[in-house]
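In what comes next, chain A is part of two complexes: it sits with chain B in the first one and with chain C in the second one.
The block that comes next holds the complex of A and B.
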């Protein structure tokens, strides 16, 4: 397998009323062709910013890429001209979003929106693009696709809209598909269908997926590898089974302990405390305040992501064997 | 678009116009001033017998409700009556002038919407930038300055400093016999200043409104989707965003149409534009009731039609509204 996406020491800053805040700090992660990388973490940990940075869509201002590199098939994207990024977006790197209800433009038919995506990147006649749009809609499981194609987004259910988004995203056969919490806004039954569909699409189109989620259950179903993020950094990275079965970082352990099981007593568990605001991060480990294994060194030093075999983690307690 | 919706709206429009006719009639009759005195004054004398005969001739001696009934009966036949002052059918008086007013109002409206929206979109592209600041300042000034002042300043500017646009009238006398194309260009040439004067207030409003509306739309998820599929910035702004941002602009444009017509009456007076404004002004001074009522009727009809068109445009622009009645 070859690496098609390589994020190296990426930092993204945002200007806020508290001054400049580092929303992503030293994020390094790679994506192999055809695999699914899960990006896990709580709201605000930097998952979506990582995705937007890859797309070249970090809102600037207030945001800006502070440092680092993102390479797609060896090509550096950080300093690439806007026109080059536009050509890659949708064609090679596509994205689907959390909110299918609002992610489609309400004043255009779904067909128009897919046709636009196709015609932006491929030399193709309008009629051919339309036929392809209908075929894609069929492929993603929209019944009576030819008629539904003429519908406006408001005439479709949330699940259908997410299917349309998927059809649009894969219309140019991208090599990377970023799915940013694609099912968070959907019913549980529909969630399963969408993940099934993503799995099929991945198989059929050979697309590598970055799956952003806060749901460890989804990770165990979908992901080959997992990177766990906390407060703008990756704190653990390994194969999905490794992370699920042998989590190392106390935060990851906490996340996995929070998954409710049928055998469990009725009470839901949680990690005590809250994510510290990014503008108030001290020198030490961002998780220290919530960590049962914290000691004085954790307050002073910010641990780097240290590989232990195939399993990398950023925790001093793990490194010192205190845990 | 459903036909039943259109029919329903048209029926409402007719009903509304009937209400407008009755209210206008009653309001004008309630206003102080005696039409008979004015008519008599124009004729040079005013003995009691003469006033009585004038009142009788014009039907002013009959009870108000009877006059209203007779007026409505005439209106039903689209007969607007005889002008007290011009001594001509009101229909003819208005027909000579309504075209000029419609031309002025529509051109001013299109000018205001077009320039306003372009300014607003450019401002929204960079909300902290110089264009955005310019639009805010310009909008405040444009909104605050009265239309007759703008008109007079433009007349001073173009009459003495930079005489490239005519400051008065609608046509050049020497071109009266020219061909249709030359004549049309001449009218457009005369139209520049009055249309711009009338447009300024609304232009400023549309610029502000489009800026706000675009800013809201540009933050929405589907704009991110458009960017994610690789659409160009121009396509994002003018196709994906503007089409959505246009909805509130359309609403305001429809509502402003009435104000635009009253503004047109002022602008016509300032620029001597031969529309209904001058006629309204003269007939109000002379208590020429049939003419005033006729002018008001046509102004109201223009507003009703404009609002109907706005509604249809709204349904065209926003698919979510189609199929509703």
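The block that comes next holds the complex of A and C.
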């Protein structure tokens, strides 16, 4: 396997009324061809900013890339010209968002929108692009695709709209697909359909997926590898089974123990307190205030992501064997 | 018969207008003949997908939405036939927590006033005893007395939900309606609120009508579970019954759809009971069983006759061919 996406020491800053805050700090993570990387964490931890940075879509201002590099198949994206990014976006790196209704244009039919995506990136006749759009809609499980292709987004259900987004995203056979909480707005049976579809699409098109979610259950069913984020940093990274069965960082442990599941009767362990605001992060570990294993050193030093074998974590308590 | 709340054949319909000037009036049948009971100190969870009628059922049960038919007995007294004044007085026994702790608290009021308002409106006790009660309440939900003069925006989402809970408990209700109380919160905060609700239920002998789309949450908190589909209860029973041996095909589908830590991509997980399509429209709902068109076990009878909710092994199930 080869790494098709390599994020290295990425930092993203935002100008806010509290001054400049670092929303993403020293994020390094790679994506192998054809695998699914799960990015997991609570709201505000930097999952979506990571995705936007890869797409070159960090809103500037107030945001800016502070440091680091993002390489796609060896090509640096951070300083790449806008025209090059436009060519890559949609063709090589595609993205689907949380709310399909707001990412579709309400005044064009879904067919028009998929055709636009295809013709923008590939030398293809209009009629051929239309036939392909319908075939794609059929592939993502839209019944009577030829008729539904003429529908406007508001005529489709939430699940159907997300299928349209997936059809559009894979229309140019991208090598990377970023899915940012793609089912948050959907019901649980429809969510299952969408994830099953993403799995099939990955198998068929060999696309690598970055899946952003706050749901460890989704990670379990979908991801090969997991990066857990907290307050703008990756605090643990490993294979999905390693993270789920042997979580190392106290935050990851808490995150797994605090979900009510359908199998477990144990009482829920709480993570006390709340995520600190980014403008108020001290020198030490951002999780220290909520952590049962915190000591004086955790307050002074911010631990770096230290690999232990193939399982990396950023925790002094783990490093010192205090856990 | 349940000793706290008994809901019988509750129906709610909304006028969906006419397709054209001379077309017949259309009705959105949001809740269709729903019956359930809640005992003192017990929690009933209503689960279902959006549009299944969970919230409307709860709102009609506490008369915040007008019911088209049915009876709602709170300790034997039918709420739906009470006059305005009597209903107002009865409201102190039934309180409500909403999903969004941001929009359900007045941003211009201090926490002290938010908590005291229900007591003032219900004219509970003397002024001094109300102040005392406010201090009691803030302590009960795990906040501090010195936070009483603050405004809602000075609290985090989880803390705000604690304030909502304290406000709901002000008049010492017997029944608390919780409408997706943790859906807007991050998972780590969710656990804090769920544990708080669980503790309050035991300590205060509260009954909960608990609405959630999250089956894990309902399983954690509720003693009984009702599964709704397109305005009807399709299965209801004790928690263990519904979660360990569901009888209705829809319940099984719903459970299979919940992402699980036990199912791993690494071991080649494939979902067994995936269903296709979306729920049908509640406007002029189809004849027969509403789930028939998505059901893997449907036969002819399912398309013509809507099955009644019949007792089966500890719970009740509305299905012609319940799974065993």
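Definition applied: the second predicted complex is superposed on the first by the 314 of 323 C-alpha atoms of A that agree within 3 Å, B and C clash if a C-alpha of one lies under 4 Å from a C-alpha of the other, contacts with A are read in each partner's own complex, and residues count from 1 in each chain.
Keep this in mind: a residue touches a chain if its C-beta (ideal position, glycine included) is under 8 Å from a C-beta of that chain, and two chains touch if they have at least 3 such contacts.
Just so you know, these numbers come straight off a predicted model, no measurement behind them.
Asks: With chain A superposed, do chain B and chain C clash or fit?
Replies: Taken together on chain A, chain C would fit alongside chain B, as the superposition shows.
Asks: With the two complexes superposed on chain A, say which partner A:128 touches: chain B (first), chain C (second), both, or neither.
Replies: In the superposition, A:128 touches no partner, neither chain B nor chain C.
Asks: Report for A:218: first if it touches chain B alone, second if chain C alone, otherwise both or neither.
Replies: second
Asks: Mind computing the angle chain B to chain A to chain C from the CA centres, in steps of 10 degrees?
Replies: After fitting both complexes on chain A, the angle is 80 degrees.
Asks: Pick one for A:292: touches chain B only (first), chain C only (second), both, or neither.
Replies: neither
Asks: Output check: A:91 vs chain B and chain C. Expected answer is one of first, second, both, neither. What do you get?
Replies: A:91: touches chain B, not chain C.
Asks: If we overlay the two complexes on their shared chain A, which of chain B and chain C does A:306 touch? Say first, second, both or neither.
Replies: Touch status of A:306: no partner.
Asks: Does chain C touch more residues of chain A than chain B does, or is it the other way round?
Replies: The partner that reaches more residues of chain A in the superposed model: C.
Asks: Enter the shortest inter-chain Cα distance between chain B and chain C once the structures share a common frame, rounded to whole Å.
Replies: It is 8 Å, taken between the nearest C-alpha atoms.
Asks: For chain B, which residues count as touching chain A in their complex?
Replies: 128, 220-222, 224-232, 240, 243-244, 317-320
Asks: Report the residues of chain A in contact with chain B in the complex, numbered from low to high.
Replies: Touch list, chain A to chain B: 55, 57, 61, 86-91, 94-95, 97, 99, 102-109, 116-117, 120-121, 152, 154, 165, 168-169.
Asks: Show which residues of chain A lie in contact with chain C when the two form their complex.
Replies: Within the complex, chain A touches chain C at residues 36, 42-43, 141, 143, 157, 159-160, 187-193, 195-196, 199, 214-218, 220-224, 239-241, 244, 254-256, 258-263, 267-272, 274-275.
Asks: Quick one: which bits of chain C touch chain A in the complex? Just the residue numbers, please.
Replies: Interface residues on the chain C side: 49-50, 156, 158, 186-192, 194-195, 213-217, 219-221, 243, 253-266, 269, 271, 274-278.
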